[in-house]
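Consider the two complexes below, in which chain A is the common component and chain B and chain C are the respective partners.
For the complex of A and B:
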């Protein structure tokens, strides 16, 4: 994978669900990025609108050992030297949806109109040019944030970034962090 | 003759709103724009910085403007999509003339101007100057706002000029003037950062001012307590430390009871009160019986929560109180504002770092527009049109005799009433869509249909303009140079990114030509927007909103300048009252007694449910712009009736069921959205839509006696399920 010279490896992506206001600025901004056409790669959903106004925002977590890539029969998904898991290579992707079903975070989705899987690639066009991802730039609450870990700790001293997840017995480590209460080191999703 | 020339459906088919989406691969030229223009979003009072990408005189996309200090690139979905109002298929490209049975036909500018001017002259000679009125709006820049004010008073010579800020900021403005002698938020938002307690009173920050959310969270990250007062559990309230779920229309009871608690528990700043305020004794005398129990019975908020809020507010060393339309859109909006200010003054936390108070201005230029332009009771510099000295100063600046300067005219809703009873016969509107945004809009429609002549300046054919005789195709935000003043009081630069398409003209050019044809060319001989601003600077000089020391160059160099800024050397004033010299006659901040009284309409057996109205994040005001942008409409396509499951169960209402909502003004149908995030006695409908989807078919025209703001936030309704589920 060819990489540009401007990729700032000290920059990290942070998600803080408690701040999400469900406004969808990230969703519409993602679609303004040059790489996706007008398709957004972000999911913002109400958790259960009847009972709460809470929304969740999900971008690709860029797993250390991406299960989407592992289950891909066409070897269409790759991870680069910076830990960015790229969207399916359009020449290879066969639209089988294995990755869609395998991702523990529910990130990739099949774009039927193209018969392709598409997902967030950490705004590679922007981040490799020294810019922030579009979603984390526009997010008006700071639920999505792109910056240094040190800066984040200083700004949000009551939270800790966490990138270890346990889905049942499946441990997943990701490049993207979620913000959890101070002292947390892992998010156990099941069991 | 201002009835629709053809059917509503035919007009919609031709002029929209149609949904506009960007091409799948984005607009051509986005990757290699001819220019990148640093300007601001055209929507709310935050006025977020944004860069527009321009190719061949078209806005083809945007880039975040990371350096602008308020938002540092952050935007809401409206901001992200705002560029799509450019290149829009509904855009008016020619002046139009109403033709009965045919709709609107394009005409040349000469014909449109001739008809407009002769109609104005006919009405004014037959019925008097004041029989022709102007309704303006504060999405216009300071320059255009100033121009509209001068145009109405000097060229049209009418007293009847008012603006859509009458539906927005006037309660806050009046309350601030009574308390501080000046109408501006006292602090900029950087004072939120180290506030220990932030109280947000009737402000749906995360939907109506999304980028302000970040500033509130910065404080919360450092341990600030957040108290949100709102009948609904709005997104900002979801994680708040305290949500006070207030019954609509009872705000001053809450703040009165909190004031009593502060006094009873010795949580007031006696030194500040003694040295820097007046009226404290009268203010606390009014609330002496406002116990927590009483407040609970009126507001519906558990007394323990009221006590907790008062305790936090009383013991904090730093704090910031924000409010918006939630407490202002009431028949006692000014009283609600003053009740909030009383809490701020009682604790003396103002005029110091991280001790703040501000209303959150709603419209893009809600702040600057009202200071200099088209408010019926004000002259530039926030001067009083009824004050002889103020009048003299402005008459001199404008080069007219004092006797020629009209006195105060009707406020916006009163103007509609005056049209309805036949007193006002002609209307010019710009940047205002009263058929959607005013209450009781069936009445508004009747009024429009009585006009002898109506001319609208707009870039899209909004619902009100469909009733016009002549439409003058005007300009978008990004088609003229100018300035706006943000909710913080920061004067910023709006840049022209493109010129108007087709035969459309800039609003400024249209007004200048109308003024010339009305015989006032010598008073309107500006060559540029900057010329207008430079006259505004002089007109504002010595007023409370003093812009004299602000120049385009200074704004650009500093990314905004906060008024007051009385001299060229002055750096501007981000935080007011640091010197403890308030702008009142006695130099002190004024407590104002705010006895509680009921809202204009209360529930009864016939109308047993409280109806309140508000906004959603993807739409802006009357929707004239945002109901044309595809993704914003997709996000929330139609108004829903938010209702608590217990209230829904009482009427047997199902999720998604069409519900008929009836008030004393009319009835309308909305699909039910059954949610636990609203009070059990209250239903909510967002108001951005027109026609049979308009919430303002139901709202009352009850006005605040001081500010004349309509009471959008509370009325009584009854609910009837239809048996039909939406979409089936």
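For the complex of A and C:
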């Protein structure tokens, strides 16, 4: 994929889902991203509605070795030189949903009406032009933040960005970070 | 640096397919008797394309996820429910391969563009490939040809057998002789719609590449325009530019043929796999759905979850949580919630929810 030279490699994405207030501003903003064709690619859902009103927000984590791409039978998912894992190539995707079910973060959408997998591609129309992703520009609570690592450390001195995860026995490293308590190096899911 | 590892299995399959094609050229053209020598360059291009397409397809099939769907498609089609699945297979093939109906909901103009391009290409393939391989040829009925005042009859032969006869100057003759010109116009209109989209859609502008997205369109236009040039040159210009048009048309077509295995056009060969996916999910729904351990709702078929467990293991990915549970037993929503709960737990145990 030929990419523009305006992508700012020093900028990173940080998520802190405890800060998500479920306002859905990111969901609406995401639909403004032109690479999605007006379909929102961000997930905001209740964590356990029977017991709490806590919501969680999830964008694509842009894995170093994306499981979605590895289980894709059509070679439709690719990662570029900036580590951005792109949404399915529309000419190739056969709509099997392997990526939807295998992504450890539960990110890809199967758009039944298009017979196509779609997912967040870090607002590539914006980030490739040096701008912030739509969701990060509108999040009012700081659950989604796009900026430098240094800037993040200054804002959240009691937290550390973590991009290593353990799902069962599978270790996953991502481009996107999750803000964890100071000193944490890994988030173990199903601990 | 360019490095390449020869896939021996794919090489053997591609070589066998190519030899079979060459044998069929000899048989179909009755030992080259009906082969049109003017098309020799196209023949070499087609033979090379056959090798390349079969080679890449064989390499593609060796990928575990691709092999899974390929294997399951045929297993399901030839299972005890052959007739309903054959009906589904045919219905979806006409709808999604013939008419590419799944693109319609992505945008009406986009569908028209693709439909016109694909229909033009498929019509052109249907005519030119058998002609190039010497499987089809046309002759004048000698009896009618001798009478200058009589109606001339033209005969179409397939594999050397006379299949049908039509009158020169009839509507059928006009359709048969001009089908490639009509195909070219369909392709040109379709490409124009796609080029307009690629010039104006911000998302496409951000992600498109010249080699992957523009070159195929440019090549299709070049083939169509030079093809029309051939026909209109001898129709309206007395053939004055015929050699130039013939050479440029041959060059563009051969580049297209040789490039099929490597570039965007390979999706034409991959697309039928989508039909297999319909069969796979229909059979999965019939066998029973998996229920998410977090949401308690059905999210995909048990067959799909089981196949993904085996597939990820084969790929060296291990989502096993314990003996009876895997991360794959969770729906996408369940996975997101599990992550959020683990995050909350980590925050809780640190004594700070924020910071």
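The rule we apply is simple: the second predicted complex is superposed on the first by the 190 of 191 C-alpha atoms of A that agree within 3 Å, B and C clash if a C-alpha of one lies under 4 Å from a C-alpha of the other, contacts with A are read in each partner's own complex, and residues count from 1 in each chain.
Going forward, a contact is a pair of C-beta atoms (placed from the backbone, for glycine too) under 8 Å apart; a residue touches a chain by one contact, two chains touch by 3 or more.
Given the structure is predicted, the values throughout are model-derived calculations rather than measurements.
With both structures placed on the common chain, the touch criterion links A:37 to chain B and to chain C. Touching more residues of chain A than its counterpart among chain B and chain C is C.
Within the superposed three-chain model, A:115 lies in touch with chain C and out of touch with chain B [touch as defined at top].
In the superposition on chain A, contact is made by A:70 with chain C only, not with chain B.
Of the two partner chains placed by superposition, only chain C is touched by A:103; chain B is not. When both complexes are overlaid on chain A, the residue A:86 reaches chain C alone and has no touch with chain B. Looking at the shared chain after the overlay, A:24 reaches chain B, while chain C stays out of its contact range. On chain A, the surface patch touched by chain B in one complex and by chain C in the other comprises residues 18-19, 34, 37, 54, 156-159. Interface residues of chain C, counted against chain A in their complex, comprise 60, 63, 65-66, 68-69, 96, 102, 105-106, 201-203, 205-210, 212, 264, 267, 270-271, 273-274, 276-277, 280-281, 299-300, 304-305, 308, 311-312, 315, 317-321, 326-328, 330-347, 349-350, 352-355.
Contacts from chain B toward chain A in the complex involve residues 21-26, 30-31, 61-62, 64, 66, 71, 73-77, 79-81, 206-207, 210-214, 217-218, 221-223, 233-236, 238-239, 617-618, 631, 635, 645, 655, 673-677. Residues 1-2, 4, 16-19, 33-37, 43, 45-48, 54, 56, 58, 67, 70-75, 86, 90-92, 94-98, 100-108, 113-116, 121, 124-125, 128-129, 156-159, 165, 167-170, 178, 180-182, 184, 187-191 of chain A are the ones that touch chain C when the two sit in their complex. Those residues of chain A lying in contact with chain B across their complex are 18-19, 21-25, 27-29, 31-32, 34, 37-38, 49-55, 132, 134, 137-142, 155-159.
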